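In the two complexes that follow, subunit A is the common piece, with subunit B as its partner first and subunit C second.
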Partner chain A sequence: MVEQEGIRRYVAHFILWIGIAIVAFPVYLAIVASTQETGVIANGQMSLLPGGEFLKVYYQTIFVGTSGSTREPVGTMMFNSLVMAMLIAVGKIAISIISAYAIVYFRFPFRMPIFWLIFITLMLPVEVRIYPTYKIVADLHMLDSYAGLALPLIASATATLLFRQFFMTVPDELLEASRIDGAGPFRFFWDTLLPLSRTNMAALFVILFILGWNQYLWPLLITTRDDMQTIQIGIRKMITTTDALTEWPVVMATAVLAMLPPVFVVVVMQKLFVRGLVETEK
Partner chain B sequence: MANVTLRDVRKTYPGGFEAIKGVNVDVGDGQFCVLVGPSGCGKSTLLRMVAGLETVTGGEIDIGGRVVNGVEPADRDIAMVFQNYALYPHMSVYNNMAYGLRNRGMAEAEIKSRVEEAARILELGAMLERKPRQLSGGQRQRVAMGRAIVRQPKVFLFDEPLSNLDAKLRIAMRVEIRKLQRRLNTTSIYVTHDQLEAMTLADVLVVMNGGQVEQVGNPLDIYEKPATTFVASFIGAPPMNLMSTRPQEIRSQLGTGGGSAEAGILGIRPEDFVITDQAPSGGIALSLTVEAIERVGAETFVYGARQQEEQRVAATPGELPPGEIIVRIPGADAPAIGQKIRVAATRAKLHLFSADGRTRIEA
Partner chain C sequence: MQKNAIFQSKLLPYALVAPQLAIVLIFFYWPAAQAVFQSFLQQDAFGLSTTFVWFENYRDLLSQPDYFATILRTFGFSFAIAVSSLSFALLLAVMADKPLRGGTLYRTLLIWPYAVAPPVVGVLWIFMLHPSLGVLSRYLRALGVDWNPLLDGDQAALLIIVAAAWKQISYNFLFFLAGLQGIPKSVIEAAAIDGARPMRRFWTVIFPLLSPTIFFLLVVNIVYAFFDTFGIIDTMTRGGPGKSTETLVYKVYTDGLLGGNLGGSAAQSVILMVIVIMLTAIQFRFVERKVTY
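So, the complex of A and B:
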């Protein structure tokens, strides 16, 4: 399997390169398009080689914004998206690790009903409960705010379940050794359980950050001010222009910029992420 | 330094299962007490109750003159070594040992000197910065011991600490634990299902079965005078031969002297048999057909079937099939399989028990 000789290996590599090309070409195209002049793309005469407008287009995108539809610069949108994604990822991890700790390690009344209640919310994603959620957020005066963007998405059954499963694989003796060592519930959580959950938290962070970054429906509903909109909404608004030419280089530059944070997170966390998903040694 | 006294200790689980049915044990200061018994006999539960990891349903647990029934494990002044060591995987060896001391708010300098002293005793000096996963099984075991030592507790509790080690290491660690305990002179309670470990380590041996204490005492006394057929067959390997005294063959040889009249079960240790044609006076002689031979070098085990079939004797564990007798003879010379032999044991080597196996009858 590892030592394949001659022609078979070239065939295999050829197929792999085709795969890479299929995945990478649209991205390349977006990057190329973001360096052209607006008119060139609209004419359908775009070259497959990068144009000369790179600095100008990206400067305009990040700091100025389009001249038409949505006038916010992408810098603001990225900041909004970043805040939202971070709040969602960190908030979800914090809340679910605490609730999983309670469910696994404490015997309190109605423990199992509460667990099932959390479990059932798996069936109620934002799309399903969107009207009541909107109503609550509106009543709390959280429209057009970071809290409104992030809070409704923070409670997470999946992450709670993940941590519950992980905690149940932690040997009971660790808890008992901690008790004998004089560590109370808080110390055990902080000194033992959190460090052991590090890789799980990293894996979850990657997934949740991307999930948060890519939110579309919810931010679309609750943000009306341009300076609160996220980048995903921004792209969408840039494309639809009523009486002007769509500024494709700016749209493409925005798309490229929108890709960067998730890519950055994955690249930085890759090692921990993979370990968190495959690690069995406790 | 402390005595540990258990007074009528009971444990009933919420489901109604009685795990411990009234245990009385007294472990003197500096003594090494071993709880031994088959799995499910409640020995680990009892140890965990002493540690404070299980609640006590009834009775009193007294450590150093203080009843600790409601006291948190950390405040009982005990240290425990777990079967799977329960080292904190993310902490270095040093921190594993220091953690409990830090939680007590001990000064960092004192912690350092204690950990280094323990590391010196256990030869862990070079490994203080390693993580548990970088250590071998034996080294992890030492760290677990070190974590107990640095606490300088009144009582060490060991929960089958050697059962995850391979046979050779287990013997080495067994000796080390004994030496260490002698040196520190700390009262210890040790749980095991291995009767060899129990015999070699214990000052006080407690044989448990079904949540009850079968016999307490010096290991050799227990070996020589087992109080019940359970103890007789559990302590000693291969187990004591137990036979019903009802068959005529045995009855007639025993005569009616002493306690043998009411005896229901006769026990003879494999090494107390001699292969001989002469019937000893006052002893017992049996005719056997050799069915299997086990040579282990210095000695040989002969498995024989009694000529006359007789009734079943209930004696878990390590129970022999009815009519089968093990004879242990020195050296490697053994009769051939299928050969008929006569074995004899003198009167002094016979153990007599009541028919239900619960009482020893002194002849």
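So, the complex of A and C:
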């Protein structure tokens, strides 16, 4: 047994709590600020303890929005973010799992070139081809639409690779057995492969949902209508105007609302989250 | 790569890959090819005619001292963010790797910032360190620091680096913890029996065994700093004051918004692509080595 006793253990606890404090403090401050009055914060007199405006501020944020810079209620923005995140997560999983199935379980001409075409997309995030992509989405009349928000972000290979890797580990006997039972490619996929992939799909879903919810540059470019804004875009527009006019409690309430769903997912589905993170990064 | 047991079908596999292939071709290859193509073109002032100019756009771009400064700044930011975030996360991971009471609670409390979006990170930090109303700015001024990141370029850069590193702590922590837990306890115990004290054990045994993880994270963090800092910069400083927080991605974005020089914008995108491909290639090479280490 390696020595672990005494003072070292206390030092470890101490350092970890300092780390937690550093990580949590900015968020604590946001929560506190979202319960105070605009004037008090603008004066730089903000208290470090929660104020009494919680209900008022959050009601205004969710149902009304700021009174100046963006009149769009944050509730609408959250709905847009939710739709976009779900489309990205579900869409990517759906198209990836079937193409991985084709690549692993069928032999057909151009199989490898197709695999490489998909694989190479891993290399380039949407940021480096942002304006040409914008132009294509505009030409397809998909600006200010959910399809325009989600489709370009679905074009990447991570999920395909993951499913391919997983399918390779599925024993051949399973396929032979279901073939003896008279199952065709659809039955095998639906009754055998899909149930086996459930954990992988869930882990991937968690990661993709967070990534989708947190998208910024792409929605910033292609949404022009206020009612199509995602929450990440809304929050920036709220602090656009000169400092004096920024309604900080509303901004901070929006920040808290923007953090809530993904943080909730990480904390509640921690196992799946860690698994998804480690597997998509390989 | 392929199973022995497979299905026979002529058309079905194409139908199965079709949706992904269509999306990848329309939203990935087509725009990427256009960026490359446009980077060789030059439009006249009225946008009426275009000429093929080979590498002139690139030559123009690279001869601008401004652009060169942005490249250097981006790499500077990346290393500063990566090194500060990695070292702090490693310290936390080493502490959390000990058999402590409440170990899983610590992990939960440290990993959630992964889920905070970059623009939200920007808003949180600018609020905290805003020159006129920031809570921490009060203390900085009390300490005699003339704190104003909205006017002082160096302070703005520092603010971006700290905020970006903050967000990345949880990610690095998670991978370091996994890396530490993958080191066989017997190795550490052997070193302890040989009389190595904890500090020495860390530097001579644990740190070298962790080096694949460190290298992997270094690349991931640099890529993160290239791209995901966009949201942080855009909500905090908008690239300013002056150009003191303008990164390559931010420059592509602002130059594109201004419109005008299409070829120059495209050339910028292509340079960015080349940098990312190089980083990814380094990462892939390394991942292969990691398997055998």
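Just so we're on the same page, the second predicted complex is superposed on the first by the 259 of 282 C-alpha atoms of A that agree within 3 Å, B and C clash if a C-alpha of one lies under 4 Å from a C-alpha of the other, contacts with A are read in each partner's own complex, and residues count from 1 in each chain.
Heads up, the rule we're going with is that a residue touches a chain if its C-beta (ideal position, glycine included) is under 8 Å from a C-beta of that chain, and two chains touch if they have at least 3 such contacts.
Since we're looking at a predicted model, the values are computed, not measured.
Enquirer: After aligning the two structures on subunit A, examine subunit B and subunit C and state clash or fit.
Expert: Fit: subunit B and subunit C sit side by side once superposed on subunit A.
Enquirer: Once the structures are superposed on A, label A:49 by its partner contacts, choosing first (subunit B), second (subunit C), both or neither.
Expert: Neither partner.
Enquirer: For the three-chain arrangement built by superposition, which of subunit B and subunit C touches the greater number of subunit A residues?
Expert: C
Enquirer: After the superposition on A, what does A:192 contact: first (subunit B), second (subunit C), both or neither?
Expert: After superposing on A, A:192 lies in contact with subunit B but is clear of subunit C.
Enquirer: Can A:133 be said to touch subunit B (first), subunit C (second), both, or neither?
Expert: Second partner only.
Enquirer: For A:252 in the superposed arrangement: first (subunit B), second (subunit C), both or neither?
Expert: Touch partner of A:252: subunit C, not subunit B.
Enquirer: Taking the C-alpha centre of subunit A as the vertex, compute the angle to the C-alpha centres of subunit B and subunit C, in steps of 10 degrees.
Expert: Superposed on A, the angle at subunit A reads 90 degrees.
Enquirer: Just checking: does A:105 make contact with subunit B only, subunit C only, both, or neither of them? Give me first, second, both or neither.
Expert: Once the two structures are laid over each other on A, A:105 reaches subunit C alone.
Enquirer: After the superposition on A, what does A:183 contact: first (subunit B), second (subunit C), both or neither?
Expert: In the superposition, A:183 contacts subunit B only.
Enquirer: Check the superposed model and tell me the shortest C-alpha distance between subunit B and subunit C, rounded to whole Å.
Expert: 7
Enquirer: Under the contact definition given at the top, report the residues of subunit A touching subunit B in one complex and subunit C in the other.
Expert: Looking at subunit A, the two contact sets intersect at 176, 179, 281-282.
Enquirer: What residues on subunit A touch subunit C, complex-wise?
Expert: 1-4, 8-9, 11-13, 15-16, 19-20, 22-27, 29-30, 33, 41-44, 46, 48, 94-96, 98-99, 101-108, 111, 114, 117-118, 121-125, 127-133, 135-137, 151-152, 154-157, 160, 167-168, 172, 175-176, 179, 184-185, 188, 210, 213-214, 216-217, 220, 232-233, 235-236, 239, 243, 248, 251-252, 255, 258-259, 262-263, 265-267, 270, 273-274, 277-278, 281-282
Enquirer: What residues of subunit C sit close enough to touch subunit A in their complex?
Expert: Subunit C residues touching subunit A: 1-7, 9-10, 12-14, 16-17, 19-21, 23-32, 34-35, 38, 88, 91-92, 95-96, 98-100, 106-121, 123-128, 130, 132-135, 138, 166, 169-171, 174-175, 178, 185, 188-189, 192, 198, 220, 227, 230-231, 234-235, 249, 252-253, 256, 265-266, 269, 272-273, 276-277, 280, 287.
Enquirer: Along subunit B, where are the residues that touch subunit A in the complex?
Expert: 51-53, 72-75, 78-80, 82-90, 99-100, 103-104, 133, 147
Enquirer: Across the complex, what residues on subunit A touch subunit B?
Expert: Spelled out, the residues of subunit A in touch with subunit B are 171, 173-174, 176-177, 179-183, 187, 191-192, 195-196, 198, 281-282.
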